[in-house]
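Both complexes shown next keep chain A, but they swap its partner, so chain B is in the first and chain C is in the second.
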Partner chain A sequence: MLKVKGLKKSYGNKVAVNDISFEVDRGEIFALLGPNGAGKTTTLKCIVGLRKKDSGKVEIDGKYAYLPEKKELYRYFTVKKMVEITDYYTEEFNKDKAYKLLSDFQIDLKEKIANLSHGMVTQVYLALLLSQNADIYILDEPTWGLDPVMRNRIIEKIRGLSYEGKAVLYTSHILAEVEKVADRVAIMSEGHILEMDYLDVIKEKYVAVTVRKGEKVNGYKWKETENEEVYIVKREDAGSEYEHVGFDVIFEAIVRRDRK
Partner chain B sequence: MIKELYDMRVRSLAILAICLVLFFTLAPFQGKLLGFMEEYKDIVEKYAGSFPVEKLKEWNFYIYSQWFGKNLGQIIPIIGVLFAFPLFSREYENGTMEFLLVRKSRRYVFLSKTLTAILVMAIELAFFSILPVIYSSIVGKDFESVYSYQYMVHILVGGLFWFSITLLFSTIFEDQVRPLLFSFGLIAITTVMGLIKPLKFLNTYRYILGSGIMKGEGIDVSYTVYLSIVSLVLIFISYLIFKEKDI
Partner chain C sequence: MWFSIDFNSHVPVYKQIKEKIKSMIVTGKLKKGAFVPSIRSLAKDLGVNLNTVSRAYRELVLEGILKVVRGEGYVVEGLDAERFLGKKLEEFRKMVLTLKGDGIEYEKLEGILREVYGGEENAES
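On to the complex of A and B.
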């Protein structure tokens, strides 16, 4: 559904995205994870053509819908007018579905966008996006600013998209949410993809080993005490004594890139 | 196009209202102005210089010199700037450009914004140009309308020129203030530099105020062609910038 090959993007001397490649299949939820400035948003923007890539290939098989990181809508429009404008600009937009979603989210159609809270604007944007019939949904921090209840509802809807055979590429900094919804993840840092696999495989692949300070280990340092260091290593490099760790620990160790 | 019309409704109505106020504080008060000038004849003669004050008694001269040559003419570059400055910069500044560009092509967005604004501006400027014709026929004044249409050409082309310059700034800058400042700065600079004889072609006011038309020289064809070509080139450059811009 989506193929990204050797994507590169720089801003002046700063390389934001450095030769990354990945694919998202039909019915799959693929999460791009990483700390701030990792290059996630730039990657998404290059895919949808908002930013011009320096090199690489992006192939999208079908129509896409995109939710930007900054959910800005026309502040001087009412919610209803915003739906009408979206209908005018968007191919295969289902106005009735948008009104239904907005009603579910308890958003007043007569309210001006300017009078809505950040979370409510995000809900309006999501309602507009989910009412668009696309083959791949590209979502940049779709639940940012939402309360936990609403976040879970949105996660359900994202999951629902994959059941309908749609592909989803999304970014989030909430790891618990990613664990709930994503099939495959790519962990990005400083423009590189450091790890990419099925979530369950990554959780199986890495374990924690505790060694004496200074001892050589092939892995990512996670933490240290006065005499010991804890490394996140691949299971085959771990020897016989290791501990299973959560995805959040694996993620933290990898993005810190404090590797020996 | 619907959104673009909605976006510019306040600006276009404000410009319409201001120009109507300017016209109706001028046209009905020819008699009052002449009376005032008679009262202060000495002072008027002292400061009028070579301006043929006596000719203001003629309706045609009064309207052409005071409306086209002063009130309306002077604000044409400003009208061009006001129509163009927020077209792209406001979308960049408010972060809404993403909404448009993931739904429509850059070409569509550029053309719908630019052509809608040009169309609305042209309708308003054409209306302001024939306003004296309409007014004169309503109040029963004898008016030689042929010059109005010649002025209309100068006004439309002059307006388009300043529109296209501001459009360029609007596609470059990601805030609404700089396109305004740069455009007004350029109006001031070109007008001042145009006072130097070899650079007088830079002063677009000489063309927009149409002093040659009043002298019976007709439309300044070469300057019209020159400004039109420059305007089209600027619009095309704006498109190229917009097409490649990172959002």
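On to the complex of A and C.
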């Protein structure tokens, strides 16, 4: 559905995305993870053509819908007017679906966008986007600023897209949320993809081992205690004594490596 | 069908689903020949992705625990209870080793076993 190969993008001297490749299949939810400035947003922007890539290939098989990182709508329009105008300008837009979603989200159609909270603007944006028929949904931080209950509802909607055979590429800062909804993840840092696999496979792949300070270990250093160091290593490199760890620890250790 | 999934556990979600279904078969909640929910419906009930349930079912089929009935779904084929329980006993054994390492005396453990099993005997009589 989506193929990205050798994508590179620099802003001046700063390399934002450094030769990354990945694919997203039909019915699959793919999450791009990483700290701020890892290159996630730039990657999405290059895919949809809002930024001109320096090199690499992007192939999208079908239509896409894109939710930008900054969810800005016309401040002086009412919600209803926003729906009407989106309907006018968007191909394959389902107005009834948009109204239904907005009513689910309990958003007042007569309210001006300017009077909505940040989270509510995100909800309006999502309602518009989810009512657009596409083959792949590219979502930059779709749950940013939402409360936990609303976040879960959005997660359900995103999962619903995959049930219909749509592909989803999305970014999020909230690991607990990613663990709930992503099939596959790519962990990015400083423009590189450091790890990419099925979430369940990553959980099985890594364990934690504790070694004496300074001992050489093939893995990602996670933390130091007074006399010891804790590494996240592949299970086959771990020997007999190891601890199981959650995805958050694995993520932190992998991302940390690049920051040393 | 519903059971709780721990998304933040180090145990992969597909594995949690497999284990749960196996224990439902061992305890007789799922009988041989019975249909398990479709991939879509279980995914929806549990709030997990289709791919996750699909992987769990696929592996259960490979292990001979579920069988695909073409066009109808998945049925319980059976479970080598001895093997399943053997694994559980192996986990128990590991736990006992840990406790032994922690310096717990044999009599203490025996006391617990007697308490647990004794209670059951009393209830039956």
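FYI, the second predicted complex is superposed on the first by the 257 of 260 C-alpha atoms of A that agree within 3 Å, B and C clash if a C-alpha of one lies under 4 Å from a C-alpha of the other, contacts with A are read in each partner's own complex, and residues count from 1 in each chain.
To be clear about the criterion, a contact is a pair of C-beta atoms (placed from the backbone, for glycine too) under 8 Å apart; a residue touches a chain by one contact, two chains touch by 3 or more.
Since we're looking at a predicted model, the values are computed, not measured.
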Kindly say whether there is room for both chain B and chain C on chain A in the superposition, answering fit or clash.
-> fit
Of the partners chain B and chain C, which touch A:246 in the superposed model: first, second, both, neither?
-> second
Chain B versus chain C as contact partner of A:75, first or second or both or neither = first
Put simply, what angle do chain B and chain C open at chain A, by C-alpha centres, to the nearest 10°?
-> 160
Which holds for A:29: it touches chain B only (first), chain C only (second), both, or neither?
-> second
Thinking of the overlay built on chain A, is A:52 touched by chain B (first), by chain C (second), by both, or by neither?
-> first
Give one of first, second, both or neither to describe whether A:190 is in contact with chain B, with chain C, with both, or with none.
-> neither
Note down the smallest distance between any C-alpha of chain B and any C-alpha of chain C in the overlay, whole angstrom.
-> 28
So which positions on chain A get touched by both chain B and chain C?
-> none
Considering the complex alone, what residue numbers of chain A touch chain B?
-> 45, 48-52, 64-66, 68, 70, 72-75, 85-86, 88-91
Touching chain A in the complex: which residues of chain C?
-> 7-15, 40, 43-44, 47, 49-52, 55
Any idea which chain A residues touch chain C in the complex?
-> 27-29, 156, 159, 162-163, 176, 179-181, 183, 199-201, 203-204, 244-248
In the complex of these two chains, what residues of chain B are touching chain A?
-> 2-3, 94-96, 98-104, 244, 246-247
